[in-house]
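Heads up, there are several structures right after this.
You will see chain A twice below: alongside chain B first, and alongside chain C after that.
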Partner chain A sequence: MVGATLSRWSMSYFAVALACLLAGEALMVVGFGFPSAELRAPDSLVLVHLIAIGWLSLLMFGALFQFVPVLVAKPIYSNTLPLPTLALLVVGLTILVGGFLQLGGRIPALHSCFSPAAVLLGCGFALALWNLGRTLWQARPLPLAARFVTVGLLCAAATATLGFVFALVLDGSASGPPLADIATYGIPVHAIAGLSGWLTFTAIGVSYRLLAMFMLAPESETPRSRAVLYYGTAALAVAIVGGTVAIGMGGHPTAFLLVAGLLGTCALSLYGADILHLYRARKRRKIELNARMAAIALANLAGVAVLSVVLVAASQFEDQIGAIVFLAAFGWLTGLGLAKLYKIVAFLTWLECFGPVLGTTATPRVQDLVVEPRAAKWFWIYFAGVWSATACLLLDAPEVFRASAVLMLGGTTGIAVEIARTRLLLDVRPELRILHLARRPALLASQ
Partner chain B sequence: MMLSPQEEVGQRIEEALRLVIDPELGLNIVDLGLVYVIGVNDSGGARILMTTTTRGCPATSFLKDGAQQAAIAVPGVTSAEVSLTYDPAWKPEMMTSSARVQLGFGPDNDT
Partner chain C sequence: MTDFVEVDVRPTLRAGGEPFGEIMAAVNALTPGQCLRLYATFKPTPLLHVLGSKGFAHDAKELDGGDWEVVFTPADLRETTTAPTGATDDEQWPSPVRSLDNRDLDPPEPMVRILAAVETMQPGEVLSALLCREPVFLFPMLAKRGHVWRGAFEPDGITYKVLVRAGRQEGP
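Presenting the complex of A and B:
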């Protein structure tokens, strides 16, 4: 068969990921962690990892198990490994959260949670990377989008490895230089590898293909898109490899991070030009909600870049790093993630339910599974919450931030309900539902 | 002009293939220009050469099977074989003008 098949467990990844996002937003509403606490406080680390691993990484893995085969036109290496991978990641994350709660004195520390969490999360990431890496390896030479994803996966490996070192140092299983130095000074490198490398660079790669595919825009490798790959890869290599080596040799990674910042800004500027071209050159003039909301998320990414430059110029970057990370995590990555999730769930549900009866009877369109005007309202509420919350962080107004988090939580809940309704075919007109012929979908797994 | 029996069956197959929609674009595969060739031999064996809008699309196998099921149900067809090709790759310009209008192609984007 030319192409891909349905990823059996992606829906489970998406469900757990959404639950983690809702939990994280609920914690912000009640004032748990940043900005009510310091960014590096244990409570904030609970929040950060719930979002970074529980929401964004699970969402990304669930999407990649389905779409890496689309990018390379080869089937996934294993369609059974994603389930044990998910179990390892969820249990590992739960124990990691327990470790941070111990660190903050919120639960008793009879046995440290960090080492078992590191082992479980390390195994989970390793299994996911092995599965996706083997799929990519058998598809060489790789198209451009897949090369972005490959770099993103290498950054995921770096992020997980640094996290593993931190965990061992935190519970005393490892000590002394260079590991203790890496645990002390390596947090920015860990954050950059995760947020910029693993999550952002992978999302950029996938966006090149998915946006072109869904908007009927010309899809081609250009010198500019290759420059995005090269500048971005160079930026990540300087930050992660250079930064880690500098720390290991007893130095500080600041100089490496500055050079990486310059290279990364070049990559983002070129990517912005590519995306503008993609939207302008699209053949499909009436674009769907997911593409419109992805455009808002991309504008937020541009906002992250502009805000960073302004804050560096004003010597406020370090003081406002929380606001920048927040806008990147919720305005850009979560915005894009929710927009694409809204589309992917409808698309996969259609394939699962109506694909098998294609050619035998009239079938609904993917668009018949959703009610876009209703969902659009929730997306705007979500984004309004994100912008308001970012402003609160910049203006140091943590109480108003919690009110903004209520908006984010409300918007996300609305989007999650819309996605569940899509999965259960609740919005398909009865005459088009043909459930006597089509498969009834399971909520959490594909058949 | 008189059509040969094979050509008549071919036309009926084309009509039947309109039941198969590309789920993403919501239009049938004939109007989208995804069906390149329909051939019918003397014994009613049908061969269809088609493509998908994007290589590696998860809907590929469903579209191929759907085309096969639609063709085999046509009276006069004794067997139906569907093959995929990406040479030439599909382009939006291959759609019929009505399909382009339905997808909202602006006049400046019609070429």
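Presenting the complex of A and C:
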């Protein structure tokens, strides 16, 4: 069938992802991991992977299974593979967290968890990339947004492969110079591939399409948007391929990361100009909450770039890398993710529930499923917490950081409740719910 | 495997010449199964219409230097080389009884209005709608309700025009 249908398991991805985000924030509240511990301490690695894989990657996969078919106007290769993929990723992540807890001496290490975690997560990522890759492959030549996603998926593969190597070295299954060197010096490359390549680059690609769609802005491919793709891809290739080769040959990746940083700054500046143009050229003057909150997240991305430049100039970059990564993960990626999730769940629920009777009877609008003023409050509480927490990291105040994490946890909980209410149609006026005609949605799966 | 004949009229245009004859000669020389790939210094909108009336579909894209590449696909190849449209019959459709311009509506309102309009039409009647993107969520719904459609981007590359022919009356 031509066109896009509902992704059956995306809601399950979103639910597990939100649970991981809440768990990660709760850990920050109780002072587990960074900044109470060192950034590379085992407890911090629990937190980092809970957020990077559990929250951000599952959110991204859930969204891509639904929106890659929209980007390329072709159906998803498989609508059933996402469920075993989710199981592999969740079990793999759980065992990986167990591995880090073993490494920190918090649980006994009868059998090392790292190799099984690496195999399960490796299979999970491979299945997800296979499914999305096949969908993209059958849609060539790809439109611009889908080309960003393709590069992002390649970076996900690189991130997972490096993580696989680290895990094998950590539990002694692999040793020897190239692999051991990669495990020792490759962590910045792993982090850049994941945070900048897989998550940020994919989000940038999808944002071109979603922002234009929801703000009625022009969506044409321009030389500047293509330049963002080329500069960004070049930056990621230099950092990931160049960095890994340098380490494999016994060197250090610093020079490659510097060049990549310059190229990446060019890409981000051009992207910023594109986004300003999108917001200014929009036909829809009064924009919805998701687009307003996405603008805050985009401002946080600009903040990450500016803060990085300032800290490099002040020779403080390496000391403050935790604050930069924090603002990127929570101010930019999580902010954008929550803003778009708020819209996506409402839209997909509306489509699933009322799509079959559209045009035959009066149905609610998508906006009738949400109560924006109530949700806006939770978004502002969340962002206030993120900004305050970032300041605490820069000023080295871990106790106040925990109070800021309480704000983040409270805001996220409020947003998660709003999203669940949307999914269960609790905010639709009863006379419009017409559930005798429409389909009542299941919380975690779409039909 | 599709066979392309390439015609680059950029030198002719830069020299101030008129490339129409050169292009039409190439078009007339196409053998069955061949497509024409044209390079020009601007988007040749009038030509798109001329060849469109001869049954050619086109796919135009701007190149990095501001030049344009346009691929013209003859009707006999279109079934396999362009996106299927949901309507597999080649019969002539009647003129639309309703026309909607949904380009300035917030999503998903364009889809809602098309579905509502089709519900009021008699089987066989055709609706025409202009949209600002390909309505990917609409197509499965039309198929489920037994309607057929034909759709493609207009020569401007921005407006998507969809024709929907009402099918059998069937409840949701």
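Just so we're on the same page, the second predicted complex is superposed on the first by the 445 of 447 C-alpha atoms of A that agree within 3 Å, B and C clash if a C-alpha of one lies under 4 Å from a C-alpha of the other, contacts with A are read in each partner's own complex, and residues count from 1 in each chain.
Everything below uses one rule, namely that a contact is a pair of C-beta atoms (placed from the backbone, for glycine too) under 8 Å apart; a residue touches a chain by one contact, two chains touch by 3 or more.
If you're wondering where the values come from, they're calculated on a predicted model, not measured in any experiment.
The superposition on chain A brings chain B into a clash with chain C. Residue contacts after overlaying the shared chain place A:R284 against chain B and chain C alike. When both complexes are overlaid on chain A, the residue A:Q66 reaches chain B alone and has no touch with chain C. Once the two complexes are overlaid on the shared chain, A:V169 sits clear of chain B and of chain C alike. Once chain A of one complex is fitted onto chain A of the other, the partner contacts of A:S220 are limited to chain C, with no touch recorded for chain B.
Contacts of A:A362 after superposition on the shared chain: chain B is touched, whereas chain C is not. Of the two partner chains placed around the shared chain by superposition, neither chain B nor chain C is touched by A:L394.
In the superposition on chain A, contact of A:V345 is made with neither chain B nor chain C.
Look at A:L199: by the touch rule set out above, it reaches neither chain B nor chain C. Shared contact residues on chain A (touching chain B in one structure, chain C in the other): 1-5, 69-70, 73, 213-214, 216, 219, 283-284, 347, 350-351, 355-356, 358-360, 363, 366.
Residues of chain C touching chain A in their complex: 62, 64, 83-86, 104, 106-108, 111-112, 114-119, 132-141, 143-144, 157-158, 171-172. Here chain A touches chain B in the complex through residues 1-6, 66, 69-74, 213-214, 216, 219, 283-286, 347-348, 350-351, 354-356, 358-363, 365-368, going by the rule given at the top. Residue ranges on chain B touching chain A, taken from their complex, read 17, 19-21, 23-24, 26, 52-63, 65-71, 73, 84, 86, 92, 103-106, 109. Chain A makes touch with chain C in their complex at residues 1-5, 69-70, 73, 213-214, 216, 218-221, 223, 226, 283-284, 347, 350-351, 355-360, 363, 366, 437.
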